[in-house]
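By letter and in written order, the chains are A, B, C and D; residue numbering begins at 1 in each of them.
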Amino acid sequence: MTILTSNPNAVNPSPPAPPCVVSTAISQVYPDRILVRGYNLVDVAEARSFGDVVYLLLRGELPGGQEGRLIEVMLSMMVEHSINAPSTHAARTVAACGSPVQTAVAAGVSAIGDYHGGAGEACARILQEALAVAPPDADLDALAIQVVDEARQEGQRLPGFGHRFHNPDPRAVRLLTLAQAWDIAGRHTALALALVDALAERTGRSLPLNIDGALAALISDMGFDWRLGKGFFIIARTAGLLAHVHEEMTTGKPFGFPPRAEVEYVGVGERGVEIED
Amino acid sequence: MTILTSNPNAVNPSPPAPPCVVSTAISQVYPDRILVRGYNLVDVAEARSFGDVVYLLLRGELPGGQEGRLIEVMLSMMVEHSINAPSTHAARTVAACGSPVQTAVAAGVSAIGDYHGGAGEACARILQEALAVAPPDADLDALAIQVVDEARQEGQRLPGFGHRFHNPDPRAVRLLTLAQAWDIAGRHTALALALVDALAERTGRSLPLNIDGALAALISDMGFDWRLGKGFFIIARTAGLLAHVHEEMTTGKPFGFPPRAEVEYVGVGERGVEIED
Amino acid sequence: MTILTSNPNAVNPSPPAPPCVVSTAISQVYPDRILVRGYNLVDVAEARSFGDVVYLLLRGELPGGQEGRLIEVMLSMMVEHSINAPSTHAARTVAACGSPVQTAVAAGVSAIGDYHGGAGEACARILQEALAVAPPDADLDALAIQVVDEARQEGQRLPGFGHRFHNPDPRAVRLLTLAQAWDIAGRHTALALALVDALAERTGRSLPLNIDGALAALISDMGFDWRLGKGFFIIARTAGLLAHVHEEMTTGKPFGFPPRAEVEYVGVGERGVEIED
Amino acid sequence: MTILTSNPNAVNPSPPAPPCVVSTAISQVYPDRILVRGYNLVDVAEARSFGDVVYLLLRGELPGGQEGRLIEVMLSMMVEHSINAPSTHAARTVAACGSPVQTAVAAGVSAIGDYHGGAGEACARILQEALAVAPPDADLDALAIQVVDEARQEGQRLPGFGHRFHNPDPRAVRLLTLAQAWDIAGRHTALALALVDALAERTGRSLPLNIDGALAALISDMGFDWRLGKGFFIIARTAGLLAHVHEEMTTGKPFGFPPRAEVEYVGVGERGVEIED
């Protein structure tokens, strides 16, 4: 019988109480008002649209033109894509297990990854990084060819172009039309459209901008950091996830989603296990 | 040495391939269009506000009055409440650990539980259930007294009234003003206001409607199921969570949030463990 | 043009810096050692099994008999139940979207709700609450009849009995055999078995204890709070979720899970939307 | 007034019902038994330890030596690190909001990212990739110098070495001692130890293997894919998260965690918003 003991002479300093201060540039909360980026939230909520408030929250300033309206159109277009969207599928699965609304919606949000709703962020990064180092008078057609060639050399597909189900993507077509009418489409959109031509030239395929690519171009032209790309999709899709979770909770059966699949087993065959006695 | 084996004569039916069909009343996806509640999403996104689209998604019809505008105001008011909101705290914590945007936002959403952002749902349930069984000409003051007395007998606090920091809650005041101006406030709002009086009478305390209580009354008057109460808060707060996650990712340090706390240990003292040798 | 301004005389107190102290009875962290419930974690990890450590963590003391071994058997039996388990399905869905391991496993864990892996907790609550108020020499057969009758009067099914696929549940059979051999099965297990007889008497159906019911009885006999019921399932299933997430990430295709379902639309038909011009 | 309508001649194919088949090599579920990697789960649960079952699940075979015991020690050592671990902090935050156990634990798991619990995976990748291309008789000291120099040229810190609080990490010291006694430490561990010397030579600092680095070396020597690195930490820490969530639910107050922080505002000053009237 051995007794392992801790060393009685061991260093045993209780860590001192640290200051508990956090820092943010987003908002201030006072008893009589909440300020977001300096504006009284109650005033700005009355005076401006939700699209304007989202712009304010993420850019730090209120928009001067139709940007808030364009954000609303963009959010509306991404709000819903039925049950085969994996985020929706995951949210309904969790709801059918008896977890609450917030848990089911959170599971759906967590499925918005690089391969589902993530192409907008990846595309915005490419557009922003390409234009950040290009001279102001750069030939965008040549730049597009260069971007396509670099991607092809690395064996990468350009995210934001083409769609396996919508061809062309009706959401992208309409969104770009509105952005041009409202004078929001700028250099990033021009580069995105040049990339469509460059892809056609290099691959012989027609790969128009999809909704992710249109989002990428337009949030970039509105001055948003590409790291917010998935975020716009998340804000929008949260509403659709909620609709599905509510439908599952009110019309589905416990443990009733997803439908049971046939499981094809591809592993090792049945075998026995030995025990000593 | 014993060998445990599975029974070779065991029942071994491979379950037959089931049909893989799911059902929804929310949307249809076709190559050239996405229909939400029967409307072409691209058209409705252009023609209507995001508030209208949220109403459509969750109610099944487009609103006939200012409901979409009220939803936008409501969402804007709930968009942000700084870092001490536990959902925001959780989201920044996860972001500082190096998990991606969708994961951090999902952790924030999952904190929107019964004690944080959940009072609106609980209050809407009370309002809807009380009015569902009351006659059309019920005296709402008497009904309110009855609701308060029942809650007090069960030792329950009524959710949606009073706020530990905002008194009155400036968001609720403005939201109710707009709802009345826009002819949306109805019987559920009247009952909610009667509950404020009944609480004052029974407890001697002034407990005005807070933002959760105002939300509860107004979504009920717009005809939404109380089970969507947390959901409206989730849609709104997702935007604020995103702003904080982005701020943490771009200005914070890895592993830099939350600030380290002093841990007061209240358990059993140090002791040794025996091992056999 | 109206300018809404915040009241310049508004109350504007910056909340004072609070102390940042949290409290726990679980562990202490020092530079040279980590104490869990008073024991040096490094010593206890060497001297004892993982099952003993789980017992220590959740009960506060090391077990005196075979409890740790029984916990290991219980965890092993719940580790995996293939892809149709909704938690597994959700985790693979999130993994296929390109979110990282922790996000996919978390989505799976969040599906362990009242209808999936939650029966053990609900059953443990019933067993513990029934025995907490029963006299020490209570007739368990009579108590069981009383529990069954109360549940039936309220239209509730008793959780933890019967299984739609396994009848009897081979995991429960073996687990109970071992618990009896190891002198762990006690009064809660006796009540659970009496409930099987009472269910047969009142319903005419054979509803043997399933794995959730066996877990409920045995964690109760080992002195664990029923609120830990889902938690034991979560610890176990996390390992299986990880195996599936890894398989999906290394053998699946991006966006390749779940298989696409046929969506049956049951909502309102296609219709046009008006816009003002 | 314009009416936007969908094109009545639009393509409207209802997608055909797809086969609903999924595939796995992990397990098979039959009415009378569950097979994991070919073994009857009930038999293997009785005959083997939980560590052996985890090994089986993730490697496909039962271990031939002390690997299962080493996995148990490793899991036990990572089970808990008190409240300042961000995963624990996030889980308690979500629990205090009134979300259920599975949701709180999931939020904690989702915090196990690249900067918290992720160093083991990153380190295992480096070890496995370096040895995969090295000849069998490679000089590990020279290889270690090469790995360190490459990391330094790219401005990267090597993950798995040094610890801001534990120096040396008592868990790593003990784990490596046991792995050597049990003949499990092999070439990956040798390379990891050579990296400690190489770091000392190139940086002049003593950066011993921490628990993540020890985990990386040992799971690699046991033949596990580096992509499982975070996963081992997740399995272990899930038990600790559960203990904290239970403590918060049973001893904490609603909305009582985390302690309120002082928020230092670093954004733009208060300003008014214009509205048209």
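Details
Keep in mind that, in the parts below, a residue touches a chain if its C-beta (ideal position, glycine included) is under 8 Å from a C-beta of that chain, and two chains touch if they have at least 3 such contacts.
Computed from a predicted structure; not experimentally measured.
A centroid comparison over C-alpha atoms places A as the chain most distant from chain C. Here chain B and chain D face each other with the same set of residues for the most part; over half of the interface numbers are shared between them.
Measuring from the averaged C-alpha position of chain B to that of chain D gives a distance of 31 Å. Centre to centre, using the average C-alpha position, chain B and chain C are separated by 24 Å. Counting partner chains per residue, chain D shows two or more touched chains at residues 4-6, 17-22, 24-29, 31-33, 35, 40, 43-44, 46-48, 82-84, 99-100, 102-103, 106-107, 110-113, 117, 257-263, 270, 272-275. Viewed as a network of touching protein chains, the structure reduces to a complete graph with every chain in contact with every other. Residues of chain C touching chain A in their complex: 4-7, 10-13, 17-21, 30-33, 35, 40, 43, 46-47, 82-84, 86-87, 89-90, 93-94, 96-99, 103-104, 106-107, 110-118, 254-255, 257-261, 263.
Chain A contributes residues 19-29, 35, 37-40, 43-44, 46-48, 60, 62, 99-100, 102-103, 106, 110, 259, 261-275 to its touches with chain D in the complex. Chain A makes touch with chain B in their complex at residues 1-6, 14-22, 24-29, 31-34, 36, 41-42, 44-46, 48-51, 53-54, 57-58, 72-73, 75-77, 79-84, 100-103, 105-107, 109-113, 117, 165-167, 170-171, 174, 178, 225, 227-228, 230-231, 234-235, 238-240, 242-247, 249-250, 257-263, 270, 272-277.
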